[in-house]
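Next up: some structures, all given as structure tokens.
First chain A sits with chain B, and in the next complex the same chain sits with chain C.
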Partner chain A sequence: MVHHPSPSLVHAPDVSAADLRRRLSITDHDLLLVRLYGSVIVHRLDEFVRHFYAWLELQPEFSHFFSDGERLSRVQRQQTEHWHDFFSGTLDDEYVARRRRIGDTHARIGLSLAAYLASVDVSLTILLDRMYDGRLEKQAYIDCQRAVTKMIHADTIVIVDAYTRMTQRTLTEQTRALMEMSTPVTQLWDSILVLPVVGIVDTPRANDIMTSSLRRIAETRAKVFIIDVSGVSVIDTAVANHILKVTHATRLMGCQSVLSGVSPIIARTMVELGIDVGSIETSATLRDALERAFRTIGVMVVPVPGTPTR
Partner chain B sequence: MNGTVTVELHAEVDLSVLMRQAGAFLRRLGLDAEERDRLLTVAMELARNILKYARTGLVRLSSERRREAVVVRVEATDRGPGIADVALALTDRYSTGGSLGLGLPGVRRMVDRMEIESVPGSGTRVLAERCVTPRSGGRS
Partner chain C sequence: MIPVTAAFAHLEGALVATVLGDMDPEGWNGLRRSLLDEVQHRGVRALVVDLSAVRVMDPDDFEHLRRTLKMAAVLGAPAVLTGVSAPLAAALASLGANLEGVVGEATVERALDAARRASS
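After this line comes the complex of A and B, so read on.
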């Protein structure tokens, strides 16, 4: 049995601040604790940057992403701003949107999710451990740690979501590209277009065929449109219906359609199904269809004199 | 025993899955290209009807050996709206869905036996059987 992600799953709405609060049970008190812990460390964020980059320099990605000194100092500045933002203890949709932009940037430059998550872990250790000066009550420190960790997890959810969406977008684009490649309406000669149909014709595909065929006919002022189905093993009534519609539409544009590549098996199946192709011309091979198309547009293909014939 | 193939249908992409899995199944039975394509067409017609009218459902292919021959069974079940008038649905060029209206009558012409059980409001089961003689290469 095969399951596909439902469209609603693929196009889930962006994570909201309310989602994050609910999922991680982040309370206003947690945010207060984040702010409290912030008061301990935000004035020493240069220390964080020092620790963090000491670690980062040892990472394999470092030279690739931060070889440029100017870029490095810009990223360090942004990072300091990020932690100020984080320790302000505000978890609203604007905050989430800012985190999402960070995720998008990381995903776009091709930084791996593994590298990102490792950096989150290191940041946690630096912030909660190395930079802590011991000034809080023991219990308050434990509570702060817990609250800061929750907030970090909230950030991580947003970032992972951004990465997933980026991947999803790439996948959608690839599918679309594949779809466009699968309906290559090609000009074979002045006023002759050919469309090889392969694989399964479903509704989006049929719409795509209709759109690109009619557009190309308008562009090239084609008089003959050859639809070659030799790459299709099964022509059921739905596929036949789609093809018939395309031929009707092309006729309205003054272009005659020829259905080619009708194999003996397909011919027989179509008869058994009772599909009536009406006045559409059909042919067994693409060669026959082409010959007929040449006749229609008044072109004759003759051998060059002196060329050895087979 | 050649097993069965069951494909759940939720979206049109599942038609490709059905084509691949059913095609492999029919090849395993040792059917020639013509028989395979005929039975694939039957499976596709029934699957498209499910997607069109019931939105979801399943198509199952199975086989049974009868002496030298093999009976291939294509079964399509759904919990859709059902067919109000089965006799009418089997009439050429009758369609409630704006299509050619040749699917079910076409399927009936392509198989040896067809049964339709349909309860309006609760679903449809279409069973199509075709008796074939495998040429060669069938693993049973």
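After this line comes the complex of A and C, so read on.
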């Protein structure tokens, strides 16, 4: 059984242009103001790039992400295109899709959200403050500032959303991989399977042990299934009962289960908890269990004559 | 009139009963009667019950089957199951069905061997 962390985040529909307009109450007039402000600064975007990279060079991430100059100039070119796109004042689903790709890229290269949000703030200051040449009416300038800020916030929502989804996806994949790795039912010999149980066994994991071991038994038609609990320090009633159920289920499928690596503490717990130990075969070490398994399937392991033992 | 619940095949004193599919309690009841009849009248010495066609069983049905197998053993035919799927085994164990004394084998051949060994 795999547990997906908060599936609501993964399955929520992508942010649309209409969502953004509604949430931030962006009107067509706002978009017009963005275009107007764009006409003031868009021909001087090289200035923006200069200011922005003066700031970026001081950031701790800079040397990590821009170690080669070619990459730097490519990113600068993309950034200029980005602002052209921004100041064209169109907020449609294609625009949103382009912004989402930026979020994906940031998440993929491992840039932190903190660094991204700081860069948004710096961009706002550069665009609205440093690059402004004072040519607009005072009120018009204030309105433009408000409209540009709204649009920047729209960008941020899309990028943060994409970023979150990307990290969420990674997390889900990792959880699944971890779950699969945590129950490595391995074929040790023809008809012998072994499952080393390490760490904490909780209910989802116990269920996972049940399903993956039975599946493997069906696939391999194994006759002996060794559950090695050497790596388990404590066992509680629920887990012990679950192991008992696994051994019963395997017997129905023609496979005998052996619990190996039972430490004195676990043995004591099992007896004191009143678990029906008589119905499980147990052994102290994996070696003993393996020896018994070989006997069950009628295999004898003998030393090759003439081989030095040490 | 006993409804048909399983196909019977006799093999040198052994009986292989293939259950035809998912059944209600009435069906399992019918299986018990026809199975025990067969064991008694045909001198069956080893019994194999093939559950390959059974996808679901609740613990009560399984208890019924378990008792049937015990009765067959009393009549001189030790019984072994075969064809228990992984989902069925997992479901029965998780739902707390009493699996004591019930033995399964992965294939009909192995089950026949095991049942014959138990009877000798």
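Please note the rule applied: the second predicted complex is superposed on the first by the 183 of 310 C-alpha atoms of A that agree within 3 Å, B and C clash if a C-alpha of one lies under 4 Å from a C-alpha of the other, contacts with A are read in each partner's own complex, and residues count from 1 in each chain.
As a working rule, a residue touches a chain if its C-beta (ideal position, glycine included) is under 8 Å from a C-beta of that chain, and two chains touch if they have at least 3 such contacts.
Computed from a predicted structure; not experimentally measured.
In the superposition on chain A, A:210 makes contact with chain C only, while chain B stays out of contact range.
Once the two complexes are laid over each other on the shared chain, residue contacts for A:279 go to chain C alone; chain B is not touched. Considering which of chain B and chain C touches more of chain A, the answer is B.
By the document's definition of touching, of the two partners only chain B reaches A:200; chain C does not.
In the superposition on chain A, contact of A:251 is made with chain C only, not with chain B. Of the two partner chains placed by the overlay, only chain C lies in contact with A:218; chain B stays clear of it.
Contacts of A:234 after superposition: chain B is touched, whereas chain C is not reached. Overlap of the chain B and chain C interfaces on chain A comprises no residues.
Note for the complex: chain A touches chain B at residues 1-4, 6, 199-200, 202-204, 233-238, 240-241, 264-266, 268-269, 272-275. By the touch criterion stated above, chain C contacts chain A in their complex at residues 81-82, 84-90, 92-94, 96, 99-100, 102-107, 110-111. If you check the complex, the residues on chain B that touch chain A are 6-8, 10-17, 19, 23, 33-34, 37-38, 40-41, 44-45, 48, 92, 99-100, 102-103, 105-106, 109-110. On chain A, the positions that touch chain C within their shared complex are 207, 210-211, 214-215, 217-218, 221, 223, 245-246, 248-255, 279.
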